[in-house]
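One chain, chain A, appears in both complexes that follow, with chain B as partner in the first and chain C in the second.
And then the complex of A and B:
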């Protein structure tokens, strides 16, 4: 599976120029900074620096850009943990447990957990990529609408576990999110729920809506609080605690492995990627954890699951880009452009003939991941000081940054308007105990769910019988559905046993 | 301490400098206008990864040194480019927002089928280097080996072949013409809608749909993974094997040209800022004709031919007229 000649070629390529490696640290720092700014996406950060790479050789250009890519993937988790703002769609699940950890004074640990899980996830995903690039690329194009629909449904299961107290409220919030996700033109050319507002034709702007729902609603609720962490003694910034958080991650190799697996597989599907993989990984981890009740209240396992999956999606997206020449999203489209500038075009013949470059990229990413651990440690140490800022300064600053960010991402007032509308909505939902996270999940998955279902229906000749016949020809989709059922069944059984055990203990005590 | 200048002196001085400024202003203005003085946005009304997106990202670095400003690619996909075109039209016509799109057939389609708020005349084409055509293709390992296989299966059961196609597209018009020649209505076919050429091509390459009808040039990077079946053109294009539409429907076979892609601007920009327009036009022409650029774009399977504004505008207008002729096919009964 590994071609030794190419491997030697890759090592020769990477050691040919020392200068190329000088771009690694700046790339990581740029990525961290931009990734941590709410509203500035990974794509934007890379697009801003793409012109710079015009004046570079191939190797430094790719090292620089992929360093931004890797670091920005982690950068997004910093505001997610500290302020409940998922700067990108890929950090949504990080907020579920990261932010509660920060609020209870475990911000150091949470950041450490996130950093280590990210680095670990990246390492695992690129290691997988080394062996899997050819098979993964063969599978990716074969995924039909039914398979993608199954993936979306799997993601939707998360809504059930986000509804903590009232299941009915959770489902309602989730359905509301799905409906929001279907606003605009469907792929069949129909238009829904736009109220004749032109920028809604493209759907509700997801990132501003998400920032409004998750972050602004939280911050408005904190208006009478003095500090993010009420206990003054807990507001410390400590290397020791960050490192103890990192150690927590290393103790969960199984969760990281599962996250990386989900990340690579989902990340390799064009147009799906890390925004779905972090949700899937979180949902699976929560469902199978013995302490699943504590998820959502600051369980580090939740952060590990989300971060290992979103960072490993990078590896999957790279596999699709290198092996098929198809960019799965904005970030890989930019990498592809950088490749093109050096007359390198991804595709089957590329991985057949130029495996040395593929290995070189993989090795460069190993190095990036390891260095990210060090650079990121410094970064989260500094970022941690946010908890010492009085909220009367922090809340307005964050809202202003979020407003600017939402403008930047949409390029029009549509962003800030969406932010404001969804902030009010989010605040009202929190006030009446509807889980906003369920709405966010629905919003992220709604469009995919609908379009893939519509295509399945079309292929199934627009009849239930046809869909059933079609499903029988798609073993992949059936496998996904079967795995989903097994996973639900197993967790239900485990929960049942735990409950029984709990009852017997109670009975014995009586 | 008294002021050396009286109020009247000041007024006089102000008057003189104002007059001087007026006299000198053309030179100053010219120096300050210095178009472009800030980055230029290139609106691509399609998502990342499609032909337009690849062309924009490949062409931008060639244009940047000539204009002295970076080009930002703004992807505004969705609704058959209606969103992107409408968005582009809403931007100021100051030359800081230009558009790279499949103007033909999407501008006519937007107008004819989607009640767009613009007209063909609102757009001015600088150059449309890429003249695409519809290609019907299947997966490389499909059991459909030729267009005859496809037609035979469709004749037996119109719904038995799943066909990936974008709604309201030139490809759909071509499919309709082909099927009508056989007396088959598109309503009886199994059409699977994709909102982009990229996803539709991926679906064909992966065997998710039996065949897909999409712009042929975008298939080039996937050449190893597909089998071309039918080219909607009267000559062989890009070396694709398989039949031509003229082989199937005869020499006078009707078909619609595929995407005509390239750079366009607001027509009002040409009128209001002729100086800026000239700078932009020269830059695009120079970049398009540079042999090094041509080689690099060809390597990436992207078109470079320079036709110039006159030809390009005529091409778009003629596509618009042709599409209008097939209007009933596009909007249904």
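And then the complex of A and C:
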């Protein structure tokens, strides 16, 4: 599985150029800073610095850009934990437990957990990539609409696990999100629900809507609170606690491993990537955890699951990009552009002929992940001071930053307008205990669900019977559905056993 | 048959939220049907809309709560607290809608001043100073990063 000659070539390549390594730390710092700024996506950060790489050799250029990619992926989790703002779609699940941890005074631990899970997720995913790059790329080529639909349905199952208090409210929040996610031009060419507003033709702007639902809605509700953390003693910034948070991650190798596996597999699917992998990993971890009731209230396992999956998606996306030459998202498209600037074209021939460069990129990412642990530690220490800022300053400032960020994404007033509409909606939903996160998941997956269902319907000769016949010819999709059923069945059985055990203990006590 | 003690309290806000959701769902469903009646167009939207409306109906009874004679009614939140939330919300909406017309700098500065005051900052010097500095820093920072210009009036 590993070509030893290419491996030796990669080591020689990396040790031949000291200049390449000089770009590592600046790349990480840029990535962290930009990733932590709401509205500045990984793609935007990489696009801004792409022209700089014109004057670099190939290896330093790729190391610099992948360092931004790696660090920005983690950077997004900092505002997710501290302010409930998922700067990117890949940090949505991090907010579910990261923010409650911060609100209860465990912000240091939450940031430590997120950092360590991110770093380990990246390491595991690149280790997997070394062995799996060829088979993963073969699998990706065989995926059809039914498999993608199955992945989306799997993501939707998360809604069930988010509806903590009332299942009905959770379901309504989720279905409402799915419907809003399909507004605009459908893949079949129909325009729905746009109210003749031109910018809605492309659909509801997802990131501004997400920022409104998750962050701005919370901030509006905090107006009568003085600090993010009410207990003054808990507002301290402590290296010791950040390290102890990192240790919590070390203690959950299975969750990290599962997150990394989901991240690599889902991340390798073009167009799906980290925005779904973090949700799937969170849902699976919650479903299988003995303490699943505490998820959503500040359970570090939730942060570990989300962060290990979103950081490892980078490895999966790189596999598709390197092996097939298909960019899974904006960030990998920019990497491909950087390749093209050096007359290198990703794809099967690249893997066959230039495996040494592939290994060099993988090794460079190992180094980036390890260095991210150190640079990120300093970064989260400084970022942690947010909890000390009185909310009377924080609330208007963050609302304004969110509005600027949403403008930056959309390039028009569409971003800020979407932000305020969803802030008001989110505030009302939070007030009456609807899980806004379920609406966010629905918004993210609605379009994908409809597109893949429509494609499957068309392949199945436009009949429901045809869909079933088509499904029988797709073992991949059937496997995903079977895995889903097994996973739901296993968690139901585990829940039943826990309940039974609880009853036995109660009976013995009596 | 004896009736249960206490009285029924209507949660008007919850009822309004459900009404808004139902209105949006019905509008979207009807608009989708108006766009085309082909199955491929209605495949997801129609069943999802029906399901959403069914859920709304199932949730309506939860907007009515029986409060016992000894039980304290409602939340501890005062009308003043709620008024502050609504005022901040209104200021935020005004800010988002006016950004492009009055300039990002003027809109940001004005919202910051109003926002800080609403959130409890009583010192006007600090309020105005922080708002001005924050606005300038944000315009400069985002202006340096974002590839398209912000409409500005003063800066």
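One rule holds in what follows: the second predicted complex is superposed on the first by the 510 of 510 C-alpha atoms of A that agree within 3 Å, B and C clash if a C-alpha of one lies under 4 Å from a C-alpha of the other, contacts with A are read in each partner's own complex, and residues count from 1 in each chain.
One rule holds for everything that comes next: contacts are C-beta pairs under 8 Å (C-beta built on N, C-alpha and C of every residue); 3 or more make two chains touch, one makes a residue touch a chain.
Everything numeric in this text was worked out from a predicted model, so none of it was measured.
Taken together in the superposed arrangement on chain A, chain B and chain C fit without clashing. Of the two partner chains, neither chain B nor chain C is touched by A:278. Of the two partner chains placed around the shared chain by superposition, chain B and chain C are both touched by A:188. In the superposed model, A:118 makes contact with neither chain B nor chain C. Applying the stated contact rule after C-alpha superposition, one finds that A:459 touches chain B and leaves chain C untouched.
In the overlay built on the shared chain, the residue A:408 is in contact with chain C alone; chain B does not reach it. An angle of 90 degrees, to the nearest 10, separates chain B from chain C at the C-alpha centre of chain A in the overlay. Within the superposed three-chain model, A:292 lies out of touch with both chain B and chain C [touch as defined at top]. By the document's definition of touching, of the two partners only chain B reaches A:202; chain C does not. Touch counts on chain A: comparing chain C and chain B, the chain ahead is C. Per the superposed model, the minimal spacing between any CA atom of chain B and any CA atom of chain C is 7 Å.
According to the touch criterion, the shared surface of chain A, contacted by chain B in one complex and chain C in the other, consists of residues 188, 191, 411, 454, 458. Per the touch definition, chain A reaches chain B in the complex via residues 47, 51, 54, 140-145, 184-185, 187-189, 191, 198, 201-203, 270-271, 324-327, 329-330, 333-334, 336-337, 340-341, 343, 345, 347-349, 411, 451, 454-455, 458-459, 461.
Residue ranges on chain C touching chain A, taken from their complex, read 11, 13-14, 16-17, 20-21, 24-25, 27-28, 31-32, 35-36, 38-41, 43-45, 48-49, 51-52, 55-56, 58-59, 62, 77, 81, 84-85, 88-89, 92-93, 95-97, 99-100, 104, 108, 111-112, 114-116, 118-121, 130, 134, 138, 142, 145-148, 150. Chain contact summary for the complex, chain B toward chain A: residues 48-49, 53-54, 57-58, 61, 64, 70, 72-80, 82-83, 86-87, 90, 159, 162, 167-168, 190-195, 198-199, 202-203, 205-209, 221-222, 224-225, 296, 299-301. Against chain C, the residues of chain A that register as touching in their complex are 34, 37, 40, 44, 48, 166, 168-169, 171-172, 175-176, 178-180, 182-183, 186, 188, 190-193, 216, 220-221, 223-224, 226, 391-393, 395-397, 399-401, 403-404, 407-408, 411, 413, 416-417, 419-420, 423-425, 427-429, 431-432, 434, 446, 449-450, 453-454, 457-458, 462.
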